[in-house]
Amino acid sequence: MSNELGLILFTLRIATLSTALILIPGLAAALLLARYRGPGKGGIETVLSLPLVLPPTAVGILLLEALGRRAPLGGWLAAHGIEIVFTWKAVLLATMVMSFPLFVRSARTAFEEVDPRLVGIARTLGCGAATAFLRITLPLAWRGVVAGAVLAFSRALGEFGATVMIAGNIPGRTQTLALAIFSDNQTGHDDRALRLVAITVVLAFTALWSAEWITRRRTQRVAA
Amino acid sequence: MHVRRSLSVLATLLALAGVARAENVTVFAAASLTDAMKELGATYAAETGKKIDFNFGGSNDLARQIKAGASADIFFSADTAQMDGLVEAGLVAASARRDVLSNTLVFIVPKTSAAQIGGPADLSKFQHIAVANPDAVPAGVYARKYLDGLKLWDGIKGRVVPTTDVRAALAAVADEHADVGIVYRSDAAISPNVKVAFEVPRDQTPPIVYPIAPIAASKQPDVTGVLTYLLSTAALQVYARDGFIVILGR
Amino acid sequence: MDHTPAHAAGRRLIQIALELPLARFTVRLAIVLRESVTAVMGPSGSGKTSLLEAVAGLRPRARGRIALDGAVVLDSAAGIRLRPEARRVGFVPQDAGLFPHMTALQNVRFGARGDTRRIDTALDVLELRALLGRDPASLSGGERQRVALARALASNPRLLLLDEPLAALDAALRERILPYLLRIRDQWGVPIIYVTHNVGEAIAVAGELLTLRDGAVEAQGPPLQLLDTASVAQASAGGVENVMRGEVIAHDAAGGITSLRLVGVLPLAIPLVASLAVGAAVTIAIRADDVVLATEPMTSLSARNLFAARVVAIHGSAANAIVRCAPTAGGSAWLVRLTRSAIDALGIAPGRDVWLAVKSHSVRLV
């Protein structure tokens, strides 16, 4: 079943790369939302939450419009010979866009729970803002950040609606497990589809269980 | 009391839904028939006051839905394979099916494209070839068999972008996400943003046949009326005007 | 009455001209601090914590000019605003603010930039050797304060700001940081601004007291001279302590007494504490409520501590007053809390010779 192995590897690679790439901007966005109290914050929050609330196909269409040759971004990409639509990069883009708000939401809550005065104290002890974030805020918020990353990863594993719109369902090139399940079902290969479903369940379960294990172990140590 | 009230509202809604379902004739038709069907549906409503409900998609997908129990009254497929499947499953009476239309395959490019296609071999010049899923959707199956017959399929299949139905392939080319697509000639006329670059000779493709049949289990009293209408002279004229080839009665 | 420590690391100059809008009012003050320890008092919500935070650089909306011994950390007119990490101002908040994910030792080390000598000195002065590996959550309130103090000191600040938790007079003695403050003042040499509600501690530790009300300065001066100001009177309502230092002279095991000599020669007997070495330095606290005053020499009293003094001033109004007395033998002033009726009945007035009595059990070691 090298085809299935290929699907699994591709899906895992995309999900891992997607999660890795959204970490830094996600942390920045989460920090911004947690601390910033100025004008426009509501607007930023809404825009960042859109992929969560909109149907994935709607997000897919919006992405298609933005990547179209006539759009500013799409035109620029085309002019520089960069292809996104119908390639693995589109799969990556779709998973990143759909999983980003999940990560930000989780990380933001975690940051909000860190007493901001602790950061102030760290500053008086000689830390710059960035160091204070790395040594105080992040370590105190790490559980929420990890939970968010696992959510993002699992979302990326299962992303379908936006992916199928901008990446197509091209076997061997842009087909992920979720897309393959769909097309196997469409073409009447239900048994194969069910096998892929089982694999997806195993992957998701492993991701969730590992996150649970990481966060739980740490708690036991602190209590002692 | 809250629970009781909610339950009775729910029951009413369900009853209404059931009533709504039973009221209109539902036609499951291949995606390529979308525009023709909608026009005929409007005329039918104007003349008889009765609405026809449509469900468009890849014929393979529609057949799957019917097998799974979807409430279709008439199936208008883009190939015989899907109709055969329903006959085998006992959902359609073999005697009730009629072959109505045929079609031609064309290669389309975006309107702004300067590409020239002299023959199918030129497909290798393109990066993304939009085709309805060549493993299942009739339009794609026809295209694959055609290119396979010319021993060209293996060379280009790596660049094929399979879409859920033929109209999605059309859209991909219209939006310039794919630089070439294989659709029916009847589809090409729909979008102003594409132009036909090559027309596949009819004798080189496997026979393209659109059969229509009523679903055996349908309890709709009006099915025969709608079927007759969809096969009427006026209807055939609409199909022909849209680019289909009428084979009914031959 | 003298609290200027012998070491006083030169008179320092802290200039704070500050304007900071808060919810209810705007903090507006211009002060110059010259003592090594300045105590700050005031009703809750009067802007004390905001003042400290503004000096530390934690209030972006603060405007004005703040100079610490010539180093300007804020000058809105000149466009200077140093970030907190550049100000070298140590800050210990009310709840200690220890980093919960680090041990006590890691907390202390945090801002020290690897200066092990300074870290060790801080750990020794604050007596933290036994607590190094502990998690902040497992420490008592007083222990957390000490760790926070050590952490601030280890970062080599040029000014230490301390927002003291409510040092209730009945708080367990081992929770008090007063002795450590005295040690820091005398041994470390860093100037301190310290918010407190404890009048007795302010008198004992600070060379200067500043009282705030609604964001403005109400009074500023030597603590004993401010006993009549509204804020100090309010803080004294809960009780005032006499805080003094002395040394152990001898133990009388049979009699159950340890003899001390307070700074200024005044002898004092306290219940036996055999664990103290002869010659050891101690700090004691006696509530003003626990001092008995007589206008005639007292004889045949059970109280072991009797001495002559002279009334210097009477502070306070109405029902309760604090009588400030100077012992004839010398040493710090004693504060005695009496009812108006007692004062009137005995005819207490400044200049009057009196006798003070304190039970040995009323003397608490801090």
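The chains carry the letters A, B and C, assigned in the order they are written, with residues numbered from 1 in each.
Definition applied: contacts are C-beta pairs under 8 Å (C-beta built on N, C-alpha and C of every residue); 3 or more make two chains touch, one makes a residue touch a chain.
Keep in mind that what you see is a predicted model, and the values were worked out from it rather than measured.
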| item | value |
| --- | --- |
| Required minimum of steps from subunit B to subunit C, each step between chains that touch | 2 |
| Central chain of the complex, centres being mean CA coordinates | A |
| Averaged-CA centre spacing for the pair subunit C and subunit B, given as whole angstrom | 88 |
| Inter-centroid spacing, subunit C versus subunit A (mean Cα positions, whole Å) | 54 |
| Whole-Å gap separating subunit A and subunit B, where each centre is the average of the chain's CA atoms | 36 |
| Subunit B contact footprint on subunit A (complex, rising order) | 64, 67-70, 83, 85-86, 164, 168-173, 183, 185-188 |
| Subunit C residues within the subunit A interface of the complex | 53, 56-58, 83-85, 87-91, 93, 97, 99-101, 110-111, 113, 135, 151-152, 155, 157 |
| Subunit A residues within the subunit C interface of the complex | 115, 117-118, 120-129, 135-136, 139-140, 222 |
| List of subunit B residues in touch with subunit A within their complex | 58, 60-61, 64, 127-128, 133, 135-136, 158, 160-164, 172, 175-178 |
